[in-house]
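Next, two complexes with chain A in common: one pairs it with chain B, the other with chain C.
Up next, the complex of A and B:
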């Protein structure tokens, strides 16, 4: 490790967290009145905004619509000011298209699309500040937005990243840890059933360590699901108080 | 009113032996789970098991379904079909418009081959219709007005006045007394609001 020590001898990480500790998550739902559902989520310094429209009539060519379920259309974008170096294209590059596809696959596993045949559900997510775990912040924000829109889902989808440093799995990596060149695994989980919606790992890892790493990511996802749960319940109570008076 | 129980998507509500799954729920492994965030509502209907459903403060988006009676507005006509915008499903307004088609052969039940779309609808008419299919790759929602209760309910004459129905196939303008052809609906009294 050149200069940077990702995990100190005392077991603390760069930002002072323990190995399994998550970053602080703050979230709000119904941030826009115009959309059917929306949410804003901060996971440490990573900030994401998600907006959901639908289900509505399929836009564009009708050949895209499916006769037995709804089409989920995802668009991922990053604000030009979200990274240290200013971005040229906020969306449409190769990386964003891949992310959009991953988000689409994740939510096809969770949303009960068969209830809305021949229609379309749009999910737009934007990263306002990128500090590692962009995919997971997007998934968590989009889950809140879908719940806010009242779109039926099997379960929440919670996503979290996990890394592996000096034989220890680290949960919820920040940008410095992610760019260190080590292993990073992204996992999207349906926490109550324990089903995995998406699992992605781009680096090499010894097979013996994989189970420990997945276990760490799953624990982190379950922790996150409690936070999302609190946000949803709090919002429901606020709305019911407002409408009753 | 007693405080109702909150629930979130994925939460187990009860077993299938206790309740029948309703709106906002789904079945898995013999249990009923919530698929929406909202309040749990149990409704007893006679001797049968209560129906359990999840209700929300704001009504969820509704989609036109096969067999549903919809209210639509005619946007364009040609000799083969009339194009419409679906505005209501039953009595619930839709948030955004869905497009639909009423084909010539679906306008009325008798003498289908003699139907002329120009003598049945005009752009701007408000029509009651029934959904017969969600359509295929080329087409939108397919609708029919081949029932006495279905057809034009509100139409304006060339003079701009709202016309009065005089038979099942004719309407008259109260200002000019000119008669125009329409496929008129015999509106059931329960649909008429005071």
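Up next, the complex of A and C:
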């Protein structure tokens, strides 16, 4: 049986998007009252929940704390029901640890940690439903949660994936596209400065294609930053309406 | 952004997995029509004046075929008359799942601008997307989607043409669908109804594929074949080992027999024999089928009889006796093969077939049997009203289906190729049957050619070595226009020699990935037929810009060695260059210059140097065990590496032939080493595996019969024993032996170095080898050029070049094309040989027995370099007493015993009784065996020098 046709001759992808179009993004901040900051984000069918605590005193051993900046602690997990195949996911398996580490690196580049020496910021992210681009959804959700918690950052961190299908870069891959072969990369961008916080790619890619792919991912990230910005502003408006009287 | 679009979730349940996919609906998908004012389509495809003259629709209209019409009537849709067709995404996706070949063809049609085929992405259009209703089957849902899209078009066009006359016509052969569409207010016709209403093209009607509905009328109700199992049962059968999956190969000589090659590794059985129509169960050559194995007591031996399905074209006189024809063969228990029957077809691999019509006995009949040229394909029943016109014509026919109550598959007429026996027609048939792409290059391909007038630019000069001052010349067969190699040799100041091989720089003109490159990659090789050349690249390149003609500046890729006078390489250098050849010589001219002691110009000196070095190189190569093999096709110059005849004109080999060849081999080996060193994972190389020892059995036996030993443990041993194998008073013996040795060899193949570990080239006795020297006529060389260019930093790389899987699949295509080109070449020679003998009438000639078979001897006529068979069994004569001994091998016919290499005299004539399969017939004159041999023809024609009229 023929595999899926990822990009039709008319330029439409499996789900009807064009090559550069993103999936529909919906997000809400302050979803939990207890946490210092929280956000729920849907990027197509990928759904992520992010919760932020801190900055607070370093828990556990003192030795972990840094005298000149805050420590960022990230924990990533996936819900048992998040993928098509139901699977028990032990806490801290190799994949999750790797993802946690990537998130930590991403946010260390964005959060102004030097403002909070000897303290700690906790970011917990959970994927509730996975349909491609887990990392990007986590980053975007966590960004919103950090904003919600009022932690100062250099800029929004926006992440997006991009992949290659027959010489055309596709932005924001869904699961079918990710598993349909071809190389994909995940990129986290600080849109205003254009600095890259993290770039990750697992498979081989020819050098000639790299620039085009990064370009596509960056454009997508910039698109996302607008959406995130709108979410934050809208939330602010709602809150200010509530607190006006 | 997608904010404005609503979206619907589409759930697809399969097994236990629940897959949830997003499905976006858009409002920016245009209708694609020129007339529409609402849609903002920049380049509308569908014409305003969409006129196909029809009795049913007198207004301009667009056609919307449903899935089954597209699948079965693709031959109609491809016709130039059919234009302005809307292909719905729903239809296209269904076709994609059901038939890859049809999908490819419809995509080609969509890409063709003149066809005005438009793909409407209805599944993502906000107004045409529908959800599957509870209880609705997937098929019904798709039919409804097609109707909804058609309705949308009807309304949309009426609205936007201000009540103009433009309409859409839905074509469907499904009765229920048609009724529903009519209720829905659509213009809908059956495909047949619509095609028959067309004015001025009766030929189209013949292209109509027969539908299951109609088939009942044609055939009797008698069930002839067992039912095929449904796919689900086949799959579970294969999984639990009850059934085997494999590719069906029909037997060329016996239509009641075939073999299924099991393509799964780890099975102990890799071939299953099938005998009888019932057990073949409608499998057609190359189909992927599921077979059920019989218990051991029902296993049979392959019959060695020749059976051809030549029963008269009488519809229902189904021969029940056919099954009995096989039973007459006494089983020999030692050769019983696993036997079974086909229980289902997993994938049909039907293609359009060339052949001829056998007219029905009934004069007015419209149903006729079609006999394909390929004897492995069964006859096909077609319906046509132009039978009288098609008599004696080569035609093309496609199979539509093979119902279980029909003796033959049903098909339809595709096109007429021309009069049978006509040189043009036969060449066309030959090309089609061997899958040689031979259509003129498309405008898209031609658009990537350099613009004329072309000249070498400053830019080119900057990055290339300027070798215009060197005394370079080319040596080729006479009349050669695609010169891809040139040579030079000069003495250096330090006393060493500098030898250069300069190859046309084709990869400079053919850039990776463009249409020109893709076309060349698909063609793979230039095909040389008698008097015709099918180019791999357009003529502007092959015969002009890339051809290294004399006294013009040309771009080249040069391989330059510094050698001492012992032909030992001191230094190798590769560079892109510019050369200016001083002379284009033929082999004979070059030979003359070398031999003429009075000539002392630069070219001659260069040639003499090359010749001297070549002899040393050749000696060294032979010492290592390179084989010199023979082919009986004496008319041809034989490429020592591929054993392909590469040239039709040269009849005698000169020293200069082997001089050029020697340096080409050296260049190929040097380049192979370089690209492998640089790219160990993705170098494109060529290997020639050593044959399994059993291949040599016949050679050893044959030599034994003359009391000679042939050692085959190494190439070197073989070469030596061949050199020593001579028989007194029989000078041709050695050549015969070499011809036999050639037949024992394996095929040389291209491969990707990252996918294989055995690189050895047996015939050339070289540990590594590739093709670098003929980029004009072989695509492999273009890839090798690109690799080498990257290795020396002369060109940039691209992803596919470094991908070993992509390169491996390219190699598969190249190997396939080379094989088919070789077969086509042989078929072309055979056809021209027949023409030659047809004109001469019956002649007699001396020959040697090359092989001895059970009921025949195969004879080689050295004078014409051709082979023929003398059969001792004849349909209309009682067979003589035959006794075959496989040890000798010898064949006893009455009182005479035939051995290999016996000298015989035969008559040669052309048997034209079967116009599709004309062949050379030989009959024995000497030795005289009463009742078997024939008398010497009365008027003995004057022996003329063999010359082909091609």
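Here is the rule we use: the second predicted complex is superposed on the first by the 242 of 245 C-alpha atoms of A that agree within 3 Å, B and C clash if a C-alpha of one lies under 4 Å from a C-alpha of the other, contacts with A are read in each partner's own complex, and residues count from 1 in each chain.
Operating definition for what follows: contacts are C-beta pairs under 8 Å (C-beta built on N, C-alpha and C of every residue); 3 or more make two chains touch, one makes a residue touch a chain.
Computed from a prediction, not measured in an experiment: that's the story for all the values here.
Q: Which holds for A:34: it touches chain B only (first), chain C only (second), both, or neither?
A: neither
Q: Look at A:54 in the shared chain and tell me whether it touches chain B only, chain C only, both, or neither; answer first, second, both or neither.
A: Touch status of A:54: first partner only.
Q: Counting only touches as set out at the top, which of chain B and chain C does A:8 meet: first, second, both, neither?
A: Touch status of A:8: second partner only.
Q: So which positions on chain A get touched by both chain B and chain C?
A: The overlap between the chain B and chain C interfaces on chain A is empty, containing no residue.
Q: For chain A, which residues are in contact with chain C within the complex?
A: 1-2, 5, 8-10, 12, 14-17, 21-24, 44-45, 84-85, 131, 167, 174, 176, 205-209, 223, 227
Q: Residue numbers of chain C touching chain A in their complex, please.
A: Answer in residue numbers: 1-3, 5, 7, 9, 17-26, 89, 93, 96-97, 100, 103, 107, 110-111, 119, 121, 123-124, 513, 796-799, 802.
Q: Provide the residue numbers of chain A that touch chain B in the complex, in ascending order.
A: Residues 36, 54-57, 62-63, 67, 112, 116-119, 147, 150-156, 190-193, 229, 232-233, 236-237, 239-240, 243 of chain A touch chain B in their complex.
Q: What residues on chain B touch chain A, complex-wise?
A: 6, 8-12, 24, 26, 28, 33, 35-39, 56-58, 60-61, 63, 95-99, 134-140
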